[in-house]
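Going by the order they are written in, the chains are A, B, C, D, E and F; count residues from 1 in each one.
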Amino acid sequence: MATVRLLSDEEASAEALAVFDDIRAVRGTDYVNNFWRALAHDPALLKATWERLKVVMAPGALDPLVKEMLYIAVSASNGCEYCAHSHTASARAKGMTPEMYGELLAVLGMANQTNALASALQVPVDEAFQA
Amino acid sequence: MATVRLLSDEEASAEALAVFDDIRAVRGTDYVNNFWRALAHDPALLKATWERLKVVMAPGALDPLVKEMLYIAVSASNGCEYCAHSHTASARAKGMTPEMYGELLAVLGMANQTNALASALQVPVDEAFQA
Amino acid sequence: MATVRLLSDEEASAEALAVFDDIRAVRGTDYVNNFWRALAHDPALLKATWERLKVVMAPGALDPLVKEMLYIAVSASNGCEYCAHSHTASARAKGMTPEMYGELLAVLGMANQTNALASALQVPVDEAFQA
Amino acid sequence: MATVRLLSDEEASAEALAVFDDIRAVRGTDYVNNFWRALAHDPALLKATWERLKVVMAPGALDPLVKEMLYIAVSASNGCEYCAHSHTASARAKGMTPEMYGELLAVLGMANQTNALASALQVPVDEAFQA
Amino acid sequence: MATVRLLSDEEASAEALAVFDDIRAVRGTDYVNNFWRALAHDPALLKATWERLKVVMAPGALDPLVKEMLYIAVSASNGCEYCAHSHTASARAKGMTPEMYGELLAVLGMANQTNALASALQVPVDEAFQA
Amino acid sequence: MATVRLLSDEEASAEALAVFDDIRAVRGTDYVNNFWRALAHDPALLKATWERLKVVMAPGALDPLVKEMLYIAVSASNGCEYCAHSHTASARAKGMTPEMYGELLAVLGMANQTNALASALQVPVDEAFQA
């Protein structure tokens, strides 16, 4: 359960529905996932979030699949259940193989391990790393 | 300052020094960064961490640069100062351009934003995302 | 499920029951929520937590509703499911409107986004911000 | 030090400088703080972040001071040094008194305490809290 | 549900099954918990994680029960549901009494509270604490 | 620098000074560390925090040194610089040897690693772990 009811197409406002339609058009599927249905209570927030997401996740200097894997890395570090599921599904849809997922997990595990060590030890930043 | 003194080559044990030498050989540089000098108080932990890192960060199904960017993503989400600096420097050494870094930052910002929204709203996971 | 059984009134010790009764009296409801029933295994911890909560959340320089919204902000950033649900319910009971909740979510999203950017970039603190 | 150099007005691109100018106009001060100077390496990210921040932090259903205090709450929970400093300074500029700050800190401490207890105990969400 | 299917003994590869067998032998039980069944999709990651865990959690300068309690502390701070459950169960199996658990919870709550205060206030480290 | 000035004995209120004196008496040292000097702006918060800390960290079912190590574990996971330093110093003062610290670090690293894996994989809790 969410802290708000998930809005169906019938319950969504015209402004929210327009965002749902754009999500469908951009993704080439009729399915609008729960995250957007929860945000639909505040159409301005829904629209701002979706519009920015479209720009950020578009192909550019980084591949869209790499961007999805970065999203998984953040979500796992934040312990966000919904985000881990939705972005793992997205990464698979964009071509993440089991081998790639296995290496992603290995890096996540390693990074969280060495982060904890560096934070416990409060290692000072090397001058060599300065911009 | 760290919670322990950073060990110089002279102060490190033979077992720790052997790890320093392997770091130098693998990276092709004489420089051993502070993280390893802090871990050197416990040579077994130093060795286990380095041996695993070598395996995890090696080329595989994912490119080493992608792995470094995943490391930055985790480090930023954890707020780890040392890790943000050291892995940003590593990613640059492996070819991260300013354009790639800009897009990485944009994804990090977006991911932490939608993670917070999903956590606040406690959005239930869609059945469509189930493995 | 919790890591401990939730204690009913019949199972709670006399000291725990006295806290339950105070919760009922202060809140003007018979309902004692699960958090307190889980803590009741350790009556001293239960009592210390409740006594402090009463003081902290009371009206003062800040409005009780503002305090509940701050609680939601912390809970979302920590990814705490129970806390997100319970404090969103409390905030509504204290008068949080959908418009206020929408703006709260927008600030949470923005704050987590810029926190991630500042952590990734390790921006040094401006002298102008020094106390 | 940051992972990038902080750009002066002279070094910033025309697009970045336009954002700096808008920051100055909106805030009624000549001072542009480090966060924006670090983001200026990527003018598109700089502009998107600032444009969204302006909307989110504007007066609405919530008071701008309440929004700044929510920002402090998120920043402390994330352990973001820069963010804690910059938003505490902003909150003071918007009227946060020492008494309000003291109560804000008390809520932050309490919320992080009970979040940790709820996460350790994995307390199940009460049906009464369902939307 | 997990983001991957949990592998049964029949579905696991020979390399993964060898790890399952070692888990059974070391723990003296036939039960292999879900975490390992999820990791079994990547036998190398499964093996590396288990081999390191065996070393780290073995008796040494710290008692195995103390190590399990440290694990609970990390898991609660990270908000990891699975980890909170599995390590609380392990700690109980190693002799954690209700009184010990109550004190552990009290320390966790206190530590997260003062961490939040120190992060909000950005208290500078005392010279007296320097290594 | 902190977000507030650290109060000297001369600047502290009578109520804050009484807490400073109790800290000195309980710890058997004249030194009052920065955390308390920052909290002293709000004597009620200072007093409540110290009074609770005294109770929580006192000997009980858990050894005071174990409690300090739990504090370090939380602090490292939260990335709290001040907390990592102050509680590592305290743990040493209470008898933590380099061997114990090394094992503590190894557990912290391992726990943060497997937490990240469990969060990324969203492993469902085994029925065997239910209370």
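By definition in this document, contacts are C-beta pairs under 8 Å (C-beta built on N, C-alpha and C of every residue); 3 or more make two chains touch, one makes a residue touch a chain.
Just so you know, these numbers come straight off a predicted model, no measurement behind them.
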> How many hops, at fewest, get you from chain B to chain F via touching chains?
Replying inline: 1
> How short can a chain-to-chain path be from chain C to chain D, counted in steps between touching chains?
Replying inline: 1
> What chains touch chain E and also chain F?
Replying inline: A, B, C, D
>> Between C-E and D-E, which chain pair is linked by the larger number of C-beta contacts?
In response: D-E
> At the place where copies chain A and chain F touch, is the share of residue numbers found on both sides over half (same) or under half (different)?
Replying inline: same
> Taking each chain's centre as the mean position of its Cα atoms, how many Å separate chain B from chain D?
Replying inline: 26
> Between chain A and chain B, what's the gap in Å when you average each chain's C-alpha atoms?
Replying inline: 21
> Counting only residues that touch at least 2 other chains, which ones in chain C make the list?
Replying inline: 1-4, 39, 48-49, 52, 55, 74-75, 77-81, 84-85, 88-89, 102, 104-106, 108-117, 119-122, 125, 130
>> Chains as vertices, touching pairs as edges: which of line, ring, star, complete or other describes this one?
In response: complete
> For the complex, which residues does chain D have touching chain E?
Replying inline: 72, 75-77, 79-81, 84-85, 88, 104-105, 108-117, 119-122
>> Per the contact definition, I'd like the list of chain D residues that touch chain C in the complex.
In response: 1-4, 6, 31, 33-35, 38-39, 49, 52-53, 55-57, 60-62, 66-67, 69-71, 73-75, 77-78, 80-83, 85-86, 88-89, 97, 99-100, 102-104, 106-115, 117-126, 128-130
>> List the residues on chain F that touch chain D in their complex, please.
In response: 1, 3-4, 41-42, 44-45, 48-49, 74, 78-81
>> Please output the residues of chain D touching chain F within their complex, sorted ascending.
In response: 79, 81, 84-85, 88-89, 98, 101-102, 105-106, 109, 116
> Quick one: in the complex, what on chain D touches chain A?
Replying inline: 1-5, 48, 52, 55, 125, 130-131
